[in-house]
Structure formats: C-alpha cells, structure tokens
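Take a look at the structures below.
Two complexes come next, and they have one chain in common, chain A, joined by chain B in the first and chain C in the second.
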Partner chain A sequence: MLRFALRNIAKFSCLMAAVSVLVFVLVSLSPIDPVQASVGQAAYLNMGEAKRAELARYWDVGTPLWERYANWAGALFRGDLGMSLRYNAPVSEVIAARAASSLVLMASAWAISGVVGFVLGIVAGMYRGRAADRLIKGCCIALAATPAFWLGLVCLMVFAVWLGWFPFGFSVPVGVVAAEVTVLDALRHLVLPALTLSVVGIAHIALHTREKAIDVMEGDYVRFAQMRGLGRWQALLRHGLRNLALPALTLQLASISEIFGGSVLVEQVFSYPGLGQAAVVAGLGGDAALLVGIALVSAALVFGGNMAANLLYGLVDPRMRKEEARGSAYE
Partner chain B sequence: MARPMSEGGGAVAFSLHRPQRGRVGNRVRTLAVLVVAAFALGALAVLGLFAESQAMQTDFLQKSLGPDAAHPFGTDWMGRDMFLRTLAGLATSIFVGVVAAGASAVIALVLGSIAALGGRRADTAVTWLVDLMMGLPHIILLILISFAIGKGFWGVTIGVAVTHWPSLARVIRAEILQCRQSDFVALAARLGQSRARIAVKHMLPHVFPQFLVGLVLLFPHAILHEAALTFLGFGLPPEAPAIGIILSESMGYLSAGMWWLALFPGLALVATVLLFDCAGSSLRRLIDPFTAQE
Partner chain C sequence: MGRLPTEHFAYEADAPGAGVLGAHAHGGTNGSTQGADAHEDGTHKDAQRHHHHSHAHSSRHAGGHHLLQVEGLSISFMMYDSAAPSFFRAKKQEVPVIRDLSISVHVGEIVAVVGASGAGKTLLADALMGMFEPNARVSGTIWFDGALQDARSLAGLRGRGVSLVPQSTAYLDPLMRVGRQVRGFGGGKRLSRSQKLQRAQSQRALFSRYGLDESVEKRYPHQLSGGMARRVLLASALIDQPRLIVADEPTPGLDLDLAARALADFREFADSGKGVLLITHDIELALRVADRVAVFKDGTVVEETAVANFASPDLLSHPYSKELWHALPEHGFTAPEEGYSPELQPEPQAEMQPQPPASPLGESRMSGESEEGGPPLC
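Up next, the complex of A and B:
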C-alpha cells in the first residue's frame, strides 16, 4: 500500500514538472511583448529608453528560455508564483481568493452530476428498451452535444430574466457590504451556475452506468438472487449497487478535467468570480504569470482526481495495485 | 440481440410466411441515416458560404426584431438577419471542424502507429505524451495555445487540431496491438510475407475503419471547442461569422429580453453537432462487425 502511494506521488511530481515545462514554454512563445503589456500602449510610447531597459530587465527580456524557467521554478519552490499583471497582486493571493468560490461551484456541480447521472443511468438500465430508457438516453445524447455556455445563457434567460427566480450573475448581491452577505445570498447565486455545470457531466456518467446496470442485471448472481425470490429492484439494490457504484465513482473522479473546463465557460456566462474567469482575464490581458498559476492548479486538481480513483481501486481491488492503474478513461 | 423465442413465438411463425418485400432492413436504414446526415451537413456548409456576404449586411430600419416570417431567427441590434448569420456561422464551424479534426486524426494515426510498432521506448514516450495532454483541462490547454500562437482563425484551428488526438491515438494503438497479436498476422509472417505487405494487406483493413469512425466522431468535439474558445474571446475575430461570436454578443442583450439572439443560434449548433454524432455512430454501426447485423 505504501509503495502504491509512493509511486503515485512520484508520478505526480513527474507529471507536474512536465506540465510546468509545457505551460511555461507555451506562455513564452507568446507574441505579446511583456514590457508593452505591463504598462500599456500610451505609457510605453511616452517612456524613456532607460526606463524601457529597466523594465526589460525586470521582465527578463533577452534571457534564454531555460534560464527563465530555472528562475521561475526556483521561485515556485519557495511558493512565489510571481505578480499578476491584471489584478496587481501576487498570483498566489489571486488564486487563493478565487479558489474558494470556484471549488464550491465545482464540488456542488460534481456531486449533483454524479448522483443524478448515476440514478438516471440505473433507471435507464432497468427499463432497457422502454420509454423511460429511450427518453433518458435521448436526453443524454442531446446534452452531450450541448455547449455548456449556451445552456447557461438559456438558463439565465428563463430563470433570471423571464421568471426572475434567481439573480443575474456574480457570486454575491451587488451593492451589499461583504460582511452583510448571508449564506443564503451566496447559495442563491450558486444555484444556476452549479446546475448548468452539473449538466455537463450527467450524460457521460448516466450512459456509462446504464451499460453497467444492463451487464449487472444479466449477471449470474443477480439471476440467483431473483431465483431466491427477490424482485428486480431488490436484487439490484442488495447485490448490484456496489458493483455499479465503484466504476461510476472512478469515472466521476476522472471527469474533474471536464468539470474544470466547463467551469471556465460557466463562470464567464454568469460573471462568477472564480478561477475560470480569472484564467480568461489572464489569457485575454496578457497576464502570463496568473495564467501559468491557474494552469498548474488545474493540472494538480485533475491529477488529484485521477490519483484518488487509482487509490480507490487499489484499496478495493488488489489486482490493480500491481498493474499500472489508470483512472482516466478516454473522453 | 438474441431474444428468447418464446416471446411472441406465434408472431414469428406467422411472419415467416409473410412476403418480406416492403420491409426495410436495419442496415439499409442506418445507411440512409448516414447519407442524409452527411448530405445535410454538406448542404449546410454550402448554404452558409453563400449566406456569408448577406449575413454581414446591416439594415438599421429592421433592428432588434423578434422572429417572424421574414426573419425566422429575428434580427440583431444592427439589423442583421440572425438566420443568415447563424447559417454562415455553422459553415465556419463545419470548416474549422473538418480541418482541425482531420489534422488531429492524422496526428493520432501517426502517434498511435509509432506507439504500437516502434518498440517499448516509443510506446512509453507516446503514452507519457497522452497523459501529459490529458493532465490539463482541455479548455485551459486551448487558452494556453491561443496565448502562445495568437488568436484568429489559424490560432483556434491549430489549437483544436493539436489537442484532440489523444483519445483516438489510444484507440489506434490498442487496435494495432490487438491486430499484431492475431493469428492471421502470425500466419502471414510464417508464410514469408514482407512486413510492408502484412501492414497493407492485413492490418490496414482492420485499423482503417476504426480510424474513419474516430475521425467522424472527433468533429463534434472540435466544433464545440471552437465555439467555446470563440465565445471566451480567444478564437475567431468579432467580425467573423461564428456561433461563438453570436452567443457572446447576445450576452449583452439578454437582460433586454432579446432571447432570440441566443436561443436559435445555439439550437442550430446543437443540431449540427448531433448530425455529426449521428453520422459517426451510423458509420460505426455499419463498419463494426459486432453490430453490423443489428
């Protein structure tokens, strides 16, 4: 067990190092001039040569790529991710301030999509070929083809503009002092984004669970349970559920990557101040340090999910500890 | 699927004597679905290309109109017809999707083959690369690539093209590995056939169908990611006809109650993606020997 955990930790460090190199190289390839981006067009034109040279030194212009990477990686180990250009604060602070609201959003969407998808998948599998199955399957295929941001727009139109049930965006009411924001307010602002984001994951898990449920119901042990006089649903609940829950949980852990990607879009639609929105601001505003920081956080989250899935399998199924367990199924 | 004979056995016996003429087989129906979907997509692309110049025409006498007979999707605040804009946008999406998915599929084919045929080291390297690509959320990777090579048509097309290969590469690698271990390949080798001949005569017919299906099923992903990236502001420029642009512009008019700006273009995008999905799964059902008889 210890070796299994150690190997995963080694794999994590290795992958994070590779991701950091990839991200750093991509960001360095950018045609954006850091000096110009940092002070703006007008200030750049009015600036003297000496000042420009000083800024160029500050931004390491002209230093070779590997040297810049070494400097940056060294600072990273001390916990320094650099300064964010757009938010004018250390990157770690910007990320910390936004991670909380993002994590709440992602965690609730993750849980909702997992539970709803699992239940829908079981229902569809149990009523295979019947109306309920066809309805659920059709909905899932349509949902898989629906872009999250459009769904968010439709939700805004229906529930915020037309029905007026929910606020029109942001994570807290506008014009209210931060100290006076109640939990209820925050929840009301969370409902629409979380629901929209959860829909992204439902289709995948429901279709997967449906296939598994069909397999399980054809298994010998379920047939034996039915021979002993248990009903279909009883047999499923007593004997099949365990076999369904583990693959579903694994799949759901592997889907963190998609949830994070979806959160970027959903946060943009709902003006929800989270990591995804900050990533968009950083990308559009030439804020390389913040973009790199968020990319690393997202990679760590994704890897964390995959590793949790591996550990879970390793705990339950001893065969998996020997083989290279891979949690992520392909998209 | 093997169904128990007792179920409606009488009906089966009866229908044996009934003339079979007039019944359309499942296989024919699947083929028909495939042809119709492919034709619809082709028509969409052509119509969209023709609509492009008209879609940009502004008419301030007819601005912000709801959907009616003359403008089925309504008009925007500059009096542009939303139906034409949507058509042109879908054509752009299909074009980007075809280029990007095609390039991605070629990358997947090359890397998948290298992993399967190039020995242990190559396999480890490709697998590692796949893990690396999948280690970052897709949208974040696309934002980074757009940051690296700039926005615009080529930025988004290259970005989508170089990020969609991992899943297909895995499929192709597994397919080739399975094929290599099969008896008929071993037999061909024993009979003294050259490696090249085995690859072309015996392995290609097995791998190519999987590749083709994988390629078609990449389109929906590519199109949705292009739209998402454009929506965020990293993709196509604001003057380009694109669904992502239409939807991000519509955000500013939602609170004014102009619901048609977002609803119809999005529905059209979903329909297009479903058409590609439909074509891909029909193709798979036809090609895959396990379901070809269904």
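Up next, the complex of A and C:
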C-alpha cells in the first residue's frame, strides 16, 4: 500500500514537472510579446522609446528561459504560483475564482454524459438491430462528429435567441448584484453550456457501452443465467450491469480530459467565466504564470481521474484486487 | 432472443397434442399396436426399437412416455454466402447445422450424445433449453414428460424442470460470489423472504453434500479449482430441482479421478428417477457412465443404441458407430477410412501410445448386458 502511494506520488511529481516545463517552453516560443499584449497594441505603439525601455526593465524582459523557470519553480515550492499578467492578481486567486464555476459546469456535464450515455448504450445494445438501436446509434455517430463549439452556437440560436428559454451567456444574470443571484439563476445559466459540453461524451460512452452490452449479453454467464430461468432484462440487471459498470467507469474517468478540453471551447462560446476561458486569455496574452497554473490544475484533475479509475477497479472487480496484491508482492 | 421463431416450429400434423406418444409407430419394424402396448405398461424388451432407438436395461417409460423426446429436430441459420465472389453480391442462404435429429431420454437413464467437436452438439443443448439465435430456423417436435413443447414453453422449463450443467467457470459471473450465484434469482420471480432462506439452506446442503466447505460460497469464480468449479456448476443445476439435466461437456480439464466422480454424481441423479442428457466428445467416458449412446455425426444422430451394443461392432448398425468402436483404445485405435480421430494411425501403436487404464466399470457393464441385449431389430 505504501509502495503504491509512493509510486503514485513520484508519478504525479514527474507529470507536474513535465507539464510546467512544456508550458514554459511553449509560451516562450509563442510570437506574442507578453509586455505588448498586457499594455495593449495601440498603447504600445503610441509609447515613446524611453517608456518602452522602462516597461521592459519593470518586467525584466530578457531574462533567459531557464532562469525564469527556476524563479517560478522556487516560488512554487513556497506555495506561490506567481502573478497573473492579464488579471493583475495572484494566479491562485484567479484560478480559485474561476474554478468554482468551471468545476460546476464540468462536473454536471460529466455526470450527464456518464448517466445518459450509459443508459442509451444499454438500451441500444439490448435492442440491437431494431429501431431504437438504429436511432440511438445514428444520433451518437452524428453527435460524435459534431464540433462542440458549433453545437454550442446552434444551441444558443435555438434555445436562447429563438425560443428564449435560456440566457445566452455568462454564469449569472447581467446587471444583478452578486449577492442577489439565486441558485435558480445560476442553474439557468448552466443548462446550455453543460448540455453542449456533455454531448460529445454522451456519444462516446453510449457507443462503447452498446458494444460492451452486446458482448456481455452474448457472454456465457449471461446466457447461463437465462438458461436458469432469468429473462433478458433480469439477466442484465443481475449480472450485466456489474460487468458493464467497470468499462463504463474507466471510460468515464478517462473522459475528464476530453471534458476539460471541450470546456475551453464551450466557455468561450457561452462567455462562461471559467478556467477554460481564462486559459484562452492567458494563452493569447502570453500570461505564462496563469497558463502554467491552469495547466497544472487540469493535469492534476486528469491524473486524479485516472487514479480513481485504478482504485475503483479494485473495488468492483475481485480479480483485479488479486492481481494488484500479487503484483506488489513480486515486485 | 426473447422473440423466438415460434412460427418455425412445424408441429407434426398428426402429433397427439399434449399426450402420450404411444399411438404412433415410426422407425420400428414391430407393429404399431405392439409399440403402443409396450408404452402403456411401461416395459420394453431392451433391444426393441421404437422412436429410432433401442433400449438399455434400465430404460423406463414412467407414465407411459419418455422424459424427453425429440423428433425430427432441424436447425439452420440464415447466413450470407461466404463463397460469394464479392462481399456485396453475397446472398443469404440457409445453412443447416442440425437436421432431422431424434433422441429420447427415459426416466432413470443417462443418454450420452457422442460426436466430434464442432458438430453442433452445443446447439442441441441450446435448443433443448429453448435458446435460439434470432437468425435460426427451427423445426421439429420436442416433448418433455409427455407434453408437447414450443419455443416459449421450452424457455419456461428453464430452471423449472430442465437444468443445464455448463462446461466451465466461464458460465459463472466473474464479479459475483459463487454462493450467491448458486442460489440464483428464482428464475426471475420475486422470492419471498422464506423462499430466499430456503434456497440459501439448500445451497449449503448441496455444498456440504459435494464436499465444498463453507468458505467456498464466499469465493469468486476465478478462485475455484477445476474440481470445485465442476461441483459448483452441478450444484447450480441441482438447486432448481430439475427432472432432466442437460450436461454439456461437463468433464474436460478434469483429471480421471475427478471426471469419474463427476459421472458418479450424474449416475446418482439419474438413479433417483430423473434423466441426464450428457453431451460429450469422449466415447470412452460415455461408455463408462451412460446407459445409452447417441452417435452424433454431421448434425444428426446416426444411431441411438444401448451401451451394451458397443461390446461388438456387429451389434452396431451405422458405419460411423463401427468406426467409433474400432477407434476405442482396447480395440487397437484403428480408424478406417476417414477416421474419427485424424491423429490416430490405422496400425495399432500400443508401444507408442500409452494405453489408458482399462475401465472395469464400463467393461463389466458391457459384458453383463450384452447377453441379454441381442442385436437391434432393424
């Protein structure tokens, strides 16, 4: 157990180091000049030479990459993620403020895609080849081929503009004091982005679950259960779900990264003030500290998801538990 | 699979409803009246042929009919022609797998269906359990305990009269403890508290009867040894108190000792007034334990005869049965023409191939009964 924990901590540290180095290098290779971007194009052009030099000195322009990284890493170990250039606030504060709304969005999209995808997949698998199956399969393939941002635009047009059921952007109503925003308001703003974000996940999980459901229902143990007098749906309930849950859970936990990637686009389309939007701002503004911060948070989330999948394996499947125990015993 | 092709069940026009089969006499050379009388009083001369088979010493017609009777069962599949010149031009064609198969199981007997692997034996087991693939076309008649069956009623007999003993632990849910699985879910009906308790008790009773200690019920299928698995699978059939057990290759992977014990369990079950249909590719095993052997070849039963008739090839009527006889180890492994076991050479190779220990049980049975048996009338 201790070995397991130590191994995973080591893996996690390596991942964090690799992600941060990569982001630093990529930002430094970017053609965007952070100083220029932070003061604004027009203001920079109108500046005098002296003013520009002063600005450059203020931001320590010309510090080599490795030194910048070393400074940042040193600060990180003291718990300081640095200052955001664009938001003019500590990175940790920016991330904390944005993560709250972003995580609600991603968590609801993640839950919707998991539950709806699983149910649709099972229904399609059980009615394989029939109308319900063809409908679900067709929709899923179409949705999987649809870019999330485009779907977001269509949703905005239909549900926000034409039908007026939902607001067309932001996480809270415009022109309302923050203290007066109700949970209902927040939910109304959440619906469209969450649905849009969940759609791609639904398609993948439904199609995978469908295949798996067909496999399981043709499997020997489900057939044997039926030969002992259970109906198809009863056999599914008693023996199928348990065996279907494991691959679905794995897929679901691995899809955190997809949800994260999708949230960048969806938040942009819906002007939803979350981490994804902040990442876009940071990337376009050459805001290395904020970008690294967001990259680290998202990498940690994805790592956590995969780790949770590993742990759940052991809980759900007794065979895995045995292999885990055997594996560590022989190491 | 829920929508079974009931319409494909071609009932015999003169089938006697849900009744006794005595009235019709096909296949036998003896007159119909005699056959009917013999059914009614429940006695037969052992070698008397009726319904395509001859009897063993222990064959009984309780209630004047067979426990299980299958007549003219054919199963074919609608498939795309694999020999078509291109994928897109392939036409659907009917591929027969089982044709015109007849077999009977009497009360108190073990009938072994013996045939090479891949000849469609498992399909026969599926058909008896009422499991049909959606693209299967099925015709023929099946009676269970005198009652004519269709696809729906066969499915209704699952776990309520007919139970399957499958081949291996692959037929157990890998994520469920075996005790829970053996107890089962009462064939889908909601069980009352006392019924659940009762099933738990009978599961424990079965486990202790077969020497499985209490810790076994808490194990998962992958934690069972081969012998344990076999007993667990048998227990999962017996807990439903079946009258007929269909056992599909229940012994591969078991050593000789365990296989013998497995067969002793089936013998005990049959002797208690039930029936066993044992599906196997192992002729030696079949001759050891069964009362009658149905020789299965190319999707049909070519000969259904008493084990006693395997005492001499002259007592066997079909050439394939004679080949089987010659291929037995004590007859020198000879496999004439298109041999049933391709790896066996036509010449006796006693020095190269170790002789398995002779089976005293099988031989005494065979020699004991052959005197009373006599040749089949056909």
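Here is the rule we go by: the second predicted complex is superposed on the first by the 282 of 331 C-alpha atoms of A that agree within 3 Å, B and C clash if a C-alpha of one lies under 4 Å from a C-alpha of the other, contacts with A are read in each partner's own complex, and residues count from 1 in each chain.
Keep in mind that, in the parts below, contacts are C-beta pairs under 8 Å (C-beta built on N, C-alpha and C of every residue); 3 or more make two chains touch, one makes a residue touch a chain.
Keep in mind the model is a prediction, meaning the values are calculated, not measured.
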Open item on the list: If we overlay the two complexes on their shared chain A, which of chain B and chain C does A:R242 touch? Say first, second, both or neither.
Closed with: second
TODO: Could you tell me if A:Q234 is touching chain B, chain C, both of them or neither one (first, second, both, neither)?
DONE: second
TODO: Using the touch definition from the top, say if A:V302 reaches chain B (first), chain C (second), both or neither.
DONE: first
Open item on the list: Under the stated touch criterion, name the partner, chain B or chain C, that contacts more residues in chain A.
Closed with: B
- [ ] Could you look at A:F77 and tell me whether it touches chain B, chain C, both or neither (first, second, both, neither)?
- [x] neither
Open item on the list: Just to be sure I read the superposition right, which of the two partners does A:Q226 touch: chain B = first, chain C = second, or both, or neither?
Closed with: second
Open item on the list: Per the contact definition in the header, classify A:G283: touching chain B only (first), chain C only (second), both, or neither.
Closed with: first
Task: Common interface residues of chain A - those touching chain B in one complex and chain C in the other - done: none
Open item on the list: If we count contacts the way the header does, which residues on chain A are in touch with chain C in the complex?
Closed with: 220-221, 223-232, 234, 238-239, 242-243, 316-319, 322
- [ ] Spell out the residues on chain A that touch chain B in their complex, using ranges where they run on.
- [x] 15, 18-19, 22-23, 26-27, 29-32, 141-142, 144-150, 153-154, 156-157, 161-162, 168, 257-258, 260-262, 264-265, 268-269, 279-280, 283-284, 288, 291, 294-295, 298-299, 302-303, 328, 330-331
- [ ] Enumerate the contact residues on chain C facing chain A in the complex.
- [x] 1-2, 129, 131, 158-160, 163-164, 166, 170-176, 184-188, 220, 222-223, 236, 240
Task: Complex interface listing, chain B residues touching chain A - done: 128, 131-132, 134-140, 143-150, 166-167, 170-171, 220-221, 224, 227-228, 231-234, 247, 250-251, 254-255, 257, 259, 262-263, 266, 269-270, 273-274, 277
